[in-house]
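Have a look at the structure that comes next, please.
Labels A, B, C and D are assigned to the chains in the order they are written; within every chain, residues are numbered from 1.
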Amino acid sequence: MPDKPRLTREQIAQRAALELPDGAYVNLGWGIPNLIADHLPKNVQVYFHSENGILGMGRRAKPGEEDLDLVDAMKVPVTLISGASFFHQADAHLMTRGGHLDVAVLGGFQVSEKGDLANWKVPGAKGSGGIGGAMDIAAGAKKLLVCMEHTTKEGAPKIVRQCTYPLTSLSCVDTVITDLAVIDVQPGGLMLREIAPGWSFDEVQKLTGAPLMTLGRPPEIKLD
Amino acid sequence: MAHKVYSSLDLAVADIPDGARIMFGGFGGAGFPNNLIQALSQRGIKDVTAISNNCGTKDGELGLMFKHNQVRHVIASFPGPHAHYFQERLAAKEVALELVPQGILCERMRAAAAGLQGFYTTVGVGTEVANGKEERVIEGKRCILEMPIHADYALIKAEKADELGNLTYRLAARNFNPIMAMAATTTIVEVEEIVPIGAIPPEHVLTPAIFVHRIVQAKGIRYAG
Amino acid sequence: MPDKPRLTREQIAQRAALELPDGAYVNLGWGIPNLIADHLPKNVQVYFHSENGILGMGRRAKPGEEDLDLVDAMKVPVTLISGASFFHQADAHLMTRGGHLDVAVLGGFQVSEKGDLANWKVPGAKGSGGIGGAMDIAAGAKKLLVCMEHTTKEGAPKIVRQCTYPLTSLSCVDTVITDLAVIDVQPGGLMLREIAPGWSFDEVQKLTGAPLMTLGRPPEIKLD
Amino acid sequence: MAHKVYSSLDLAVADIPDGARIMFGGFGGAGFPNNLIQALSQRGIKDVTAISNNCGTKDGELGLMFKHNQVRHVIASFPGPHAHYFQERLAAKEVALELVPQGILCERMRAAAAGLQGFYTTVGVGTEVANGKEERVIEGKRCILEMPIHADYALIKAEKADELGNLTYRLAARNFNPIMAMAATTTIVEVEEIVPIGAIPPEHVLTPAIFVHRIVQAKGIRYAG
């Protein structure tokens, strides 16, 4: 199995982009989620929120176009779309926590079968770690997607019965998109909705730390 | 792109059901969604829970809805001695009133908007406002627990909207409108002018589009009563 | 005593105006407090706050000058001074409750010897009554003045041991200015600081429902 | 009229005592009061409690104060992997850290600003953030009680100030600055430009003058690190 092709990070982002409905207000977190903006279908217009107080972020600024007062939550110079607005950080998080974002997409270290998310601290890592906006975003988004690799570099499952990493938020994840599968967190457990080309249910189950369900034979992950 | 601009006041309020919880912006005659209120009242809605600083002036502002006995429950800070129809309905026990201090009314709506589950305040301690509320001492101060106030709809008034729903307000007609816009599931705004997207500078937007769901241009009653 | 002259409402306001330090942020309530703005000493600049979201209110609008979107908390058309600002009502009351106002002046029905204030509802009166901003203002102002007549129309004391009217806020009043006296609420009780011209301590005490203290012979109320 | 305009950065921070609780605005490199931080650090202040989203970048922003070991306690949401001096001091146990979710950090400061005594939130429930905090269930949701964060001083950055202290911010350099301005006893702002009173239209003021106590024009380090 190790040499079977998996989705690339760009492909995970591409798949995740299809989960964003037209007109949605969306926050993208660090890591793979940050690649999503480049993969939006042409006919879809979404409005990107940044927790430092921007609604209507556009693409990243090109060289020479940067304004250091106009950065996203990752300190990357960005641009605005027409109709953008600025507000202070308390209002920015009123939006995250108060259920105003239609979709938020975060990276993840672990997701449990109940939808618990761990994404801010690796046990034993050096340094303070940092929470940032993740806890507010995870607690409040109407729909929370997590994009991550299906397994750690060492091959251990990142989808687990119970998170062992420090938690970000309980029962918050709606859908996990990995390099092997699209999985919905449902009241009864984890439902495998789509699967990477060339992979079988049993193969993905073996790399997953919690039981998966499926309705018949899961279709291949669609990318457009 | 979502289409938020409605062609008429009637369409903008057409689906608000009987029994809805509705916030109404405005203070001191300024910033009331008078045209939306007229449309809502004319539709014959009933059993509304109204959240508003006051209860109108005679036929004006919310007064109309009390005249037609369309409100069952009011959460307000200052119903007003000139809210004749409200006072009549209250005396006849046709409407129930919850009185809330004005700033606490704002904070309870903001708490709903911000996804907070309640807060402690010294305001109202030892007064009738505290009746039935949890009391505790925090850092030596007597406090009561106040709960969020959410609404199904907010009817608000702004000066300009762009087609995405970014809003500006004129002078002191801002008042409760930005808070209510954030605290309701569906926010409906009547505006004096709809401007092209991009016409409002991003730093001057007072209510970001995320909080606005329906926009209607109203040329009608600006000040009532 | 009934025919002895007392301060007029305008004079109470005139006396209260002297309690406003230069540069202070001030909220004026209904009734006598609303007369204070006309009596500010020439060399004093204060900034008037209105709970509907104005800082830097100027004088009332003259006929023809009114803009119905620019009204004070009493619905009266007003003007702005240079350097004024607008904000929403939650921020307006963040200012009142959060201790940002240097002085607030409210009217009163009763003030107790502990500084409790009753000013929003007359027992048995018709109608709903209304709280408005008074409870937030009373709870939060750095300094709270109450301006009122010393006695009711029936001659009963309005300064009492314990309020019998519905309360606005507990232990909030710093100073009461009446048509007979200026009285500070101190931890040990009510301190009569100034007295109306022609009135004796004993005469004022008789019209006061709680014991007054004084340091020597109290001076006459100063009006400028 | 109060005179809020200071002639130098040094004078603006001259009386901040050792051990002060200080909020520092800024996020993602934008809106940091870098010149005030430099002045404060050069003065040799010590034992500061710093309230800030992050802990600087190398020598930049708050990094300078960690380099000189001037901070004893930090309340932050995202100290940052590039906050080398902070991370060193933390490893050496020369500074204590309280990690707070970013939105909750904003709300706790706003609660202090707004005279609220605490609030319940679902954010952080079941995580290390909840350690030692009261937990209760409100309307079926597990919540923790979060307390206000107040400061003696806020050091913030704005674009323009008028001489009364009304402020505007540029683009996303707004971030934490307006909240911190409201939550401290004494707010000190460095600005790019001081404009005459009346030059900022009343509807465009982003921080009203009541929250601003000292203004200093800074031509120096705008972005650091």
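We adopt the following convention: contacts are C-beta pairs under 8 Å (C-beta built on N, C-alpha and C of every residue); 3 or more make two chains touch, one makes a residue touch a chain.
Predicted model, so just to flag it, every value in this text is computed and none were measured.
Traced through touching neighbours, the fewest hops from chain A to chain C number 2. Interface comparison, A-B versus A-D: the higher count of C-beta contacts falls to A-D.
Annotation: 33 Å between the Cα-based centres of chain B and chain D. Here the spacing of chain C and chain D, counted between their Cα centres, is 35 Å. Centre-to-centre separation of chain A and chain D, using mean CA positions: 30 Å. The residues of chain D that reach two or more other chains are 107, 110, 114-116, 121-123, 169-171, 174, 202-203, 206, listed in rising order. Residue positions 86-87, 93-94, 97, 139-140 of chain A are each in touch with at least two other chains. Going by the touch rule set out above, the chain pairs that meet are A-B, A-D, B-C, B-D, C-D. Contact residues of chain C toward chain B in the complex are 50-54, 67-75, 86-90, 92-94, 96-97, 116, 126-136, 139-140, 166-170.
Chain D meets chain A in the complex at residues 27-31, 53-55, 76-81, 86-87, 90-91, 97, 99-104, 106-107, 109-110, 121-129, 142, 169-179, 206, 222-223.
Interface residues of chain B, counted against chain A in their complex, comprise 1-2, 110, 112-116, 162-164, 166, 182, 197-198, 200, 202-203, 205, 208-211.
Listing the residues of chain B that touch chain D in their complex gives 107, 111, 114-123, 138-139, 141, 143, 168-171, 174, 202-204, 206.
Within the complex formed with chain B, the chain A residues making contact are 22-23, 25, 45, 47, 49, 55-56, 80, 82-87, 91, 93-95, 97-101, 139-140.
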